[in-house]
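There are structures below to look over.
Two complexes come next, and they have one chain in common, chain A, joined by chain B in the first and chain C in the second.
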Partner chain A sequence: MSESTFARCPAAWTLWRAPLIWCGLLLALAFGMAALEPLFRAVEPGSRQVIYPHAEFLTLLGRHLLVVGVAALLAVVIGVGAAVLVTRPAGRDFLPLLAQAASMGQTFPPVAVLALAVPVLGFGTWPIIVALLLYGLLPIVRNTLAGLQGIDPSVLEAARGMGMGGVPQLLQVELPLAAPVILAGIRTSVTINIATAALGATVGASNLGAPIISGIVNGNTAYVLQGAALIGLLALTVDSAFERCQRLLGRHGR
Partner chain B sequence: MRREAPLPNRVLTALMLAAAVAWLALPSVSVAPNRIVPGTPFHAYEIVGWAGALAGCLPWLAMVALAWRPTPTRYRVALGLAVLLLAALPAWLAGAAALMIDPTTPQARLGVGAAVWLLLFLLGLVLIELRGRLALPRLAVWLLLAPVALVWWLASSHGLESLALVQEYRGRSDQFTAAVIQHLRLVAGAVGASLVLGAGLALAMRRHAGLERVGFGVLNFLQTIPSLALFGLLLAPLAWLAANVAWLNAMGVRGIGWAPAFLALLGYSLLPMVRNTFVALEGVSPQVLESARGMGMSRTQVFLQVRLPLALPVMIEGVRITTVQAIGLTAVAALIGAGGLGTFIFQGLGQAAMDLVLLGALPILAMALVADGLLGALARRLDPRQLPSAGQEATS
Partner chain C sequence: MIELIEVTKRFGSETAVDRLSLRVEKGELCALVGTSGCGKSTTLRMINRLIEHSEGEIHLEGRQVREFDEQTLRRRIGYVIQSTGLFPHWTVARNIGLVPRLLRWPAPRIRERVEELMALLGLPVDSFADKYPHQLSGGQAQRVGVARALAADPDILLMDEPFGALDPITRESLQAELRDLQSRLHKTIVFVTHDMDEALGLADRLVVMKAGRIVQQGSPLELLRDPADDFVASMLGGDDRGLKEAALTRVSERMLPLSPRLIARARVPRDATLHQALAVMFREHADRLTVVDEDDMPVGELSLRRLVGARRDE
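Moving on, here comes the complex of A and B:
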């Protein structure tokens, strides 16, 4: 389907070229890692096993995406929700606290947050999701607040003059106007989370970080390269897709 | 009069009610007979009985009462109370240790429970809220927190010897000092090198538009690659270089160790540094430069006496972002054998020894907060727009 759409609409192809190329490379590598065995054999001539054996790369990729995706989804719902609540008249008392806490919290290194979450929450997939969620909230809250507060007051005045207010004003005026800034926050959040999720391999998560950790522990550079290449491509795919979305939003905004 | 009666402060009320609930419902401490066995959690009422636990609710409720009809005086009293409570928590932990730990078992260790962590967090939020309400300068909060830190530090050697975190530290105090120094050295090296390289790159970018596009493209690309992956990707080429280039090997360059860590840190540090330096130098208003030139200043004078001082706060802001980021990334570098505080984090995670994880993570957190506070203060101090006297002189 996509091929024909792009044939008819060259603009879409130009726009989405970079993310699609990264995504194609990512999938090709995840599917065809075994085909590169001679290359890894050259990198790591001394080892018997040169392709990470404990799980399929596609499974690892899927788990990585699942953890980051669930955390990001929850972070968007909670983060945007909290920022919207404190910018309503009913919640305005909490605005300074939330704004300060969100900007101070971003000083905390993500590794430290992950490390501190484990003693409290335990090992496994859920603690990692919670840690990613907690850290991922901060840029989203901060940017949503910035976006909502950055709206020209005369625009809000006009919306109220048209008889809007409350929920319609929020959905039809405030959120669309703040959307580019909110999206930038989500992009930051997801980028950090892809990197932090990889560190989750040190606390027993089986994702794309696992080959790297296993390679470092066993002194097998080939494993490290396999994990690192896949994580790098995943980060580039997601980041460039976000960049295109931001560009699209910016175009509609104008 | 009725009109002037202030509304209750809902933020303080909510925070302190949550604190009272946490105090009663969550375990305050956990006690383990030795390092290997997981601890048994104890609630406040299991330690001092229900009467004691309910009496422990009083300070939180007193804060709620103060927030009911808030005035500046009551906010100040609440601030004092919050600081006192922060300093009272180690005393509570020491008391719990005395009550719950049999003195004949020197191996026994006390873990900090969820209630105490949550109370610390909530009190931190209270300080943020009160600081805003009272419009206190940042310095005042730091001065208030200094005695609290002193109390915690004193408690660690008087009464809290059985705290698991303290015991982990006692067991490896030399390693700890070495790790802190190694951590700071990597951060300082990466930030220092990126400051010099970044400034040079930013200056070159101002001359050549092509370099600007390519440079930012490459740096953005680097920043997107997750740290663990970048460390991993540097491992292979550096190992090859170390094996094939004698003088690099003699310098201590290896696939594992400080070399890949330093290179990756430098790569990550360059983007914020170059971006801020570039934006800062470009952001100086053309009118200011014009008038400086009109006063007969030479190009060098304009750059050194006008452009650079005006750009400095934004550049320092770049140093702040870079430093905070590097402190966190250096922790990850421990995975590839670069040393530093991350070693404790990953060792602790490997051994499921959570207090060892804390021994690594808490200093990293403290370092990040202190670096953020100090460099932020420096940037504000250097910002000419922040100086009211200068502003008034300019207008009058």
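Moving on, here comes the complex of A and C:
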């Protein structure tokens, strides 16, 4: 008993150790990429330039985060909002439609979305945000639906029977109980999109994908490695941070 | 006081409750009994409008339930369900304080009321207030369920098979506690169960339902002595119902004063039931028992003839 209580409330440092370590490595690499020049020189001995020169890595990281963040924020608002609406009595007719639409969203390759979005939105950051948004909606919608529908019906019956209104029931009972599952969906969505956002570099968005695309185009493996390493560390940082949040949220759920 | 007048509920073409009329007096515990699908739960849930009735009238203290705002109505009626429906992410104390919080009671008053209820239901505040539902046993969870239903001190309590999921021993102790609570609180209770023994033991008024209609209603003893038809008789346990009647009658109601005859060796407490007295006779191979009071002092005697209610005791 006391042991499991202890396991549920570990000290903040123990809990956040992994994400903090990944974050530290990420920032160290973004700041100090130049210090690793000898290493990259060994990888790419034929090239004159072995450290991606066109932008600061920190700037690229910031833009990358911004794109993923904006897309995730929109996807959460739209995805959770839509799933909540179709699980209300008034919107129940649209439930199958939403589930199908979200599934279709993910069968669409992001590259295809980019190709379609560019003529409409032009080059730059917006097409990639749209692509990430569409691509990231499915896990969020699916998990929000699963989370809301997975709540013990007797809990909802009790909430109604005690005279809770629809909005308090949603905010105080349904969303908190579905939160761990919803968060898992957001985690999948964001982690996938951190990798997918690199494609934005093909349509002119400047982010951590830029060194990769530039490396492929110019045949410079060092650039590719630099972009890939930063994206990998960013994904690990964010993913492990989400994992901790899930653990905190899931403490009392069953 | 709850009154249902010619209430009908249809789900599509199916009639779940058919022109049902029922009056539950203030302070009365009314048990709805019947096989699954007889409409007893539907009837209960129409009272707090979790299900809207199709026809007829349901009155609550003289007002139609339809005239109430749904949420106002439900906050005035305690509701206990079989699977408790406790919020798993809330502590015991927070769960119990749900309705007072919805009614915007001031925080100190809520805390006081929650502690009062926890004491009433045998849940020590120190060890239970901060527990989460998954840390409770089935019996403890249902105690919390009952406390939550009583939180805003409603006059009416609806209980939908509240003890149905508990093991027999826990169930019996909770039934005894409910009996005890009811003798102090005098709530108007509608209690749905398919456990006839539970209904017989708790109810002031027993309502036997079949296919959405009331087959018979009355006090447990009235039904046991005079079941309206074979269905009611079989619901009451067929030939066993004699024993169930014996279980509802106290020894003190049948005993005679001590006779000058030889005092019987086998003893039975005065407040035991006739069912228990019969068991003692069977076990002791005796047809006469000495009835004793709480201090084990003989106060009367009970013969087998007297126990079974034969006309003359000779």
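Of note:
By definition in this document, the second predicted complex is superposed on the first by the 239 of 254 C-alpha atoms of A that agree within 3 Å, B and C clash if a C-alpha of one lies under 4 Å from a C-alpha of the other, contacts with A are read in each partner's own complex, and residues count from 1 in each chain.
Criterion: a residue touches a chain if its C-beta (ideal position, glycine included) is under 8 Å from a C-beta of that chain, and two chains touch if they have at least 3 such contacts.
Quick caveat, the model's predicted, so the values are computed rather than measured.
After superposition on chain A, the partners chain B and chain C are seen to fit next to each other with no clash. Of the two partner chains placed by superposition, only chain B is touched by A:118; chain C is not. When both complexes are overlaid on chain A, the residue A:224 reaches chain B alone and has no touch with chain C.
Once the two complexes are overlaid on the shared chain, A:163 sits against chain C while remaining clear of chain B. Rounded to the nearest 10, the superposed model shows the Cα centres of chain B and chain C diverging by 90 degrees about the centre of chain A.
Contacts of A:107 after superposition: chain B is touched, whereas chain C is not reached.
When the two structures are aligned on the shared chain, A:215 is found in touch with chain B, with no touch to chain C. Within the superposed three-chain arrangement, the count of touched residues of chain A is higher for B, of the candidates chain B and chain C. Legend: residue contacts after superposition of the two complexes on their common chain; A:203 is shown touching chain B, with no touch to chain C.
Of the two partner chains placed by the overlay, neither chain B nor chain C lies in contact with A:149. Taken over all C-alpha pairs, chain B and chain C come no nearer than 10 Å in the superposed arrangement. By the touch rule above, chain A contacts chain B in their complex via residues 43, 93-94, 96-97, 100-101, 104, 107-112, 115-116, 118-120, 123, 191, 194-195, 198-199, 202-203, 209, 212-213, 215-216, 221, 224-225, 227-229, 231-232, 235-236, 239. Those residues of chain C whose C-beta lies close enough to touch chain A in the complex are 48, 50, 70-75, 79, 81-89, 98-99, 102, 132, 134, 148, 158. Interface residues of chain A, counted against chain C in their complex, comprise 152, 154-165, 168, 173, 176-177, 252-254.
Across the complex, chain A is touched by residues 9-11, 114, 117, 125, 128-129, 132, 221, 224-233, 235-236, 239, 255-256, 324, 327-329, 331-332, 335-336, 342, 345-346, 348-350, 352, 354-355, 357-358, 360-361, 364-365, 368-369, 372 of chain B.
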